[in-house]
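Next come two complexes built around chain A: one with chain B, the other with chain C.
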Partner chain A sequence: MAAAAVEPRVVVVGAGPAGSRCVEALVKAGIRPLVIDESARSGGQIYRRQPDNFTRSAEQLYGSEAAKATRLHKSFDGLQGRFDYWPESLIWNLAGNRIFVVRGAQQCSVEFSSLVICSGATDRLLPVPGWNYSGCYSLGGAQIALKAQACAIGAEVVFMGTGPLLYLVAAQYAKAGARVAGVLDTSPFYRRVAALPDLLANPRALYHGLGLTASLYLKGVPVYSGVEPLAIEGDAAAGVSAVRFRDGRGREKQLHCDAVAMGYHLRPETQLADLARCQFDFDASTRQWLPRIDRDGRSTVADIYLAGDGARIRGADAAEASGELAALALLADRGQAVDSQRVARLQQQLGQLERFARGLAKAFPWPHQLAAQLADATVLCRCEVVTVGEMRSTIALTGASEANRAKAFSRVGMGRCQGRYCANAGAEVIAAATDGDICSAGRLRAQAPVKPLPLALVEVAPEDWLEVSAEGVDPVLKPAEAGL
Partner chain B sequence: MSKRFVRLGETRRPEVQLYIDGEPAVALQGDTLLVALLQHSNRLRTSEFGDAERAGFCLMGACQDCWVRTEEGARLRACSTTVAENMRIVTTQLEISWPQQQ
Partner chain C sequence: MKQIASDVVIVGGGIMGSSAALFLRQRGLSVTLLERDLIGQHASGTNFGNVRRQGRPLYQLPLANRASAIWRRAKELLDTDVEYIQGGHMRVCYRDRSEMVERMESYARDAKELGLELELLSAPAIHKRFPFLGPEVLAGSYSALDGHANPRLVSPAFARAAQRLGARIEENTRIILVEKVGEDFQVLSEAGTVYTAPNVLITTGAWGNELASQFRETAPLTSFGPNMSVTEPVPYCIKPSVGVFTTEEKETVYFRQIERGNVIIGGSTRAPGFPNTCRTHVRPQNTLSQLQQIRRLAPGLGQLRLIRVWSGTEGYLPDWQPIMGPSAVAAGLYYAFGFSGAGFQIGPGVGETMAELIASGQTSIDLEPYRPSRFSPEVG
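Let's look at the complex of A and B:
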């Protein structure tokens, strides 16, 4: 192959609120970024779009956030042609300044000059006996069924977990005409009262949150706080039939249902930051490992920037602000002039939203003591059906007191989801079993591929995927010399 | 077999014909394969670890609990695949675990 010069690109991962605002700021500054997003359409999780032939209004889809959703979609669509856009494309690996992208059965690799990772989050899960039965979905999954497909996950749905999304999705279901059998929140109500001073940092969001709870009460949906989940009842063939739990006063109760939506707030998708060797710190308030960033989103690795929920769970407004801020940091680092007043305003806004996010973490804490006390028979890894007891005996037998060693011995974290849905609880089990603290249980390191790949991949040149627009402002990508 | 998902709207879309384990079935244009299948059945696959039938979990391409196959043997992630006319899907074949496939 002719050795053409490689022109590394500014690459943005993700086209949610963070990625969209980042792209906008870059384009405004005369850069032509390459945007890579696994979804078919931009919008990310909160502003996820329905298929073209669906007819629900933005108000029906996004409720109080309809205007923001529309603004974000318009901004992204309006800039088309001024950036290169690879939808339905997954970055599955990163090595040095090269990313590896798969789309369908094709794959290519691209060199980047700077990389802004806006990879979003997934639900944080607490295992419970029976969560491997069919009819049990993640809370985010339940919302996607409704938002993107106008479906409920069942005829009678129980919402269990904690966090603002628990009430949001339950209220969205009730409003759309689904039967909500109950909302079970592991956080006691007094926590919300104690968190009020921080929650007041975002009065509008607080007001909407209270409205959601009120709408559930008005519809007669039973709402329980301070619950202890006991089991999802059902059988292997028919799936879920009920949820058993202890209410806030310790009384055992059962709600019949054919579907359960479960989520305990969110966890950031940090695999790419990890593969880029960004440094991580343990965040005691959420009991999660987070990539270290400065206030503008610079990671500890040069040319790698992190924004949105993929860096910190701070919500959609903060995702927009942090996406733009990361773009401005990147521009400044390239020696381009940036509007310092705009930077200061975004930093100030982000500070306020961070305070609100801290309030949410206090109001709806991760129930780590429940994870530590899980019964031996509970399935911990639902991918490969490894129980909590098997994990504990692995730790006892091998002395593995650290997540990666325990993973190697027990396979917890090695299944299809690669630890996304078991790592948080797994770390609590390890910490409790070794009398260590959660911090010394360590963090599961990301491994490529960040998601499973098709079996047969065809290697293509990046330019095969690039729609070269006539008035390109930045160098158009040339085929890479190596690896193709 | 009873269906799992309940449609709450958007039902006036053109129909799409597919085959599930050889049986003809009808979906709507724009359905994901996961939705199309769970309109006719309460499951997508059988767990290779024998614990239970599975019907997906995250719907956002993160858990890989929704894999099904075409009759030709191609693997599809049902939650992120749009249903297409005359798709022929097999849900009965046992999956091998993905790390073993690498």
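Let's look at the complex of A and C:
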């Protein structure tokens, strides 16, 4: 095999805050890592960069986080030439110590000596009748439209769900001049009060969060807490026309809009860790399955490290800390000397940020009882167009009480997204229908490819891509960005 | 200790065990079906779903025909739609393997006498009728009465039908010991329950040796996982299931489209099975070789994207034939395992044949090619 010509590499997946800091620590220690990221440019989700010919300032793009974004981008750009970088490249599978990467219609495989997975997170979604109409987006999708393309998902947008991003993205829309028809939070206000002691672990973030809410109030955006989403109104042809919900006092209300952005905090992207056969544990506080890691980010599989939101939802600052920490763990495991004081400091910082993250999870809990009670007619799996009622009757007929089994019979989770959007709610429906607890409903096992894979793939040798990335001028070095 | 008695204990709830359970109940015998994991979870629920007779050795055709008749009435028999589509099965060979044409022709002549009608097609006819096949396709053999079904649904449907007729079915019940004590067998589960019966049928697939070896009837069984993939859905237009006839494992690919629109692709190099963990992992290299080969067979598929790959653990014997028939050592003990990658279509026929054999002591199907002791002349 041609690939044997390339020595096993230290590979970092993801060039968000976790991956960027990981790369920095590795390069400082004299390693030349290979960085693979699906996006065209580094920065990850929160510090996503705009395309080349866009000229908004860092303040416009990242608000209160502009300085951090700029520092991170500069660090990454400043190290160019000291690592190999494959942007727009997706690791779609791995086996043993070999990763398989697709870029366009080309595929190439490389052996790794160590692999740090910094794959980030996506929105956790809760089905609601009508969420399959055009005009419905995840909060992440809504934010990407704004950050990357400077466009809004609609002229009049309702933000619905829970979590800090609900307020963040709504505020970003309001600031960008879009009309925010309302912010609907399923979490009642008292939860946030109860979570205050933990939230004080990161006063700066708490302060910014409160600032966001205040900015929405100041702009006259209606903000409701403790809501129950009832339906997204509209039709298949014209898309979304309104959101119907019950407010905190049980009154039915309706907000007109032409787009809805939804999200219920985040879920880690764990397919690669799963394909690498890392062990997972159920985390009762977030009702999610998480890959098991030690405090430095070692997974249960040798040579595989997990950092950032792909391991635990802890936010961007924690992503930076955990990325560096994973790099230091990797170096230590290779027998290289590491600064133990630095390690201790990062661990301590991470501990504090984890407390804050726990506070957020308490303040904005996943409304699992809403998932369990979804009306039969609600589409549960959008890819396969399977309703909650169909899932329930499949469970009743077959006795399936576990997610993979229920998927085999009902097709829920079998479509393009492979359950990334429906699995959380699906597990709640299964648990409720079988009287089982959510833990025994299990989790969908990841199956390759991580994202849909073109059948037209042509295999190339890694040397082909390594040459290009070492010699080619990377777009991130272009002067257009110098103003940042 | 808990004891449960029946006429027949079946160990292993794949398609063999669950269909045997139904047919035994239809013959009035009491049945306990014991499955280590979940019904149909392994090879029977993860396979490609080909319900094809052609390509099987001629001596297997009586069994395949018997199964074929059951497939055709599956909906009524099981009171469930198992998505059996009799869209035909096409077997094709490539231009650079023209020697296969003659083999297809002689197979078609012989198969006809055994009740399998095959229509031979030359390149122009094929490309006219199945325009999605690639230019490398030289000739084909079409079986109109074959097709495909949804493997995820089939074995559980058999088990439910058997249950409705009174079969006792226990999942998550791993059998660790089968012993003959006097006239009866004692079948012991890991949890400590003893199931007794004068007849035991071992249908434990790739794991057949665990219990067969307790009777010194160890078979040379190995385990593999064929590669499976599925594309995103596209408008439904391909009725038959199509496969390549070749002597090269890498080239052996096949595909079918389901009404939902997805195209299911199988074949090319297999991966080793991991019977100890009960999991198979698709080797990414094998997915790549499968993609390359499927584009030769049906170039248009190259425009689609795969959304998932999977595999399953299957037991193979050196002659690609199962271990099927009575034990040579213990009267009342029967085997049907190791179906070597092709047990889905014949599954219901195997179930019916084993039920017939156990209930009446004989069967119209010649079981000699599958004799359990054929690899160990010293036994029996």
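Here, the second predicted complex is superposed on the first by the 461 of 484 C-alpha atoms of A that agree within 3 Å, B and C clash if a C-alpha of one lies under 4 Å from a C-alpha of the other, contacts with A are read in each partner's own complex, and residues count from 1 in each chain.
Everything below uses one rule, namely that a residue touches a chain if its C-beta (ideal position, glycine included) is under 8 Å from a C-beta of that chain, and two chains touch if they have at least 3 such contacts.
This is a predicted model, so every value here is computed, not measured.
Looking at the shared chain after the overlay, A:155 reaches chain B, while chain C stays out of its contact range. In the overlay built on the shared chain, the residue A:405 is in contact with chain C alone; chain B does not reach it. In the superposition on chain A, A:93 makes contact with chain C only, while chain B stays out of contact range.
Applying the stated contact rule after C-alpha superposition, one finds that A:146 touches chain B and leaves chain C untouched.
By the touch criterion defined above, A:138 reaches chain B but does not reach chain C. Of the two partners chain B and chain C, more residues of chain A are touched by B.
In the superposition on chain A, A:109 contacts chain C only, with no contact to chain B.
Contacts of A:447 after superposition: chain C is touched, whereas chain B is not reached.
When both complexes are overlaid on chain A, the residue A:38 reaches chain B alone and has no touch with chain C. Applying the stated contact rule after C-alpha superposition, one finds that A:236 touches chain B and leaves chain C untouched.
In the superposition on chain A, the residues of chain A contacted by chain B and by chain C overlap at 384, 414-416, 452, 454-455. Interface of chain A with chain B (complex): residues 38, 45, 50-56, 122-123, 132-138, 140-142, 144-146, 148-155, 176-178, 236-239, 258-259, 379, 382-385, 414-417, 420-421, 451-452, 454-455. Chain contact summary for the complex, chain A toward chain C: residues 92-95, 98, 100, 107, 109, 384, 397-398, 405, 408-409, 411, 414-416, 418, 447-449, 452-457, 459.
Chain B makes touch with chain A in their complex at residues 4-10, 13, 29-32, 35, 42-44, 47, 49-65, 75, 79, 82, 97-99, 101. Those residues of chain C lying in contact with chain A across their complex are 38, 41, 45, 152-153, 156, 160, 231-232, 260, 281-285, 287-288, 291, 294-295, 301-310.
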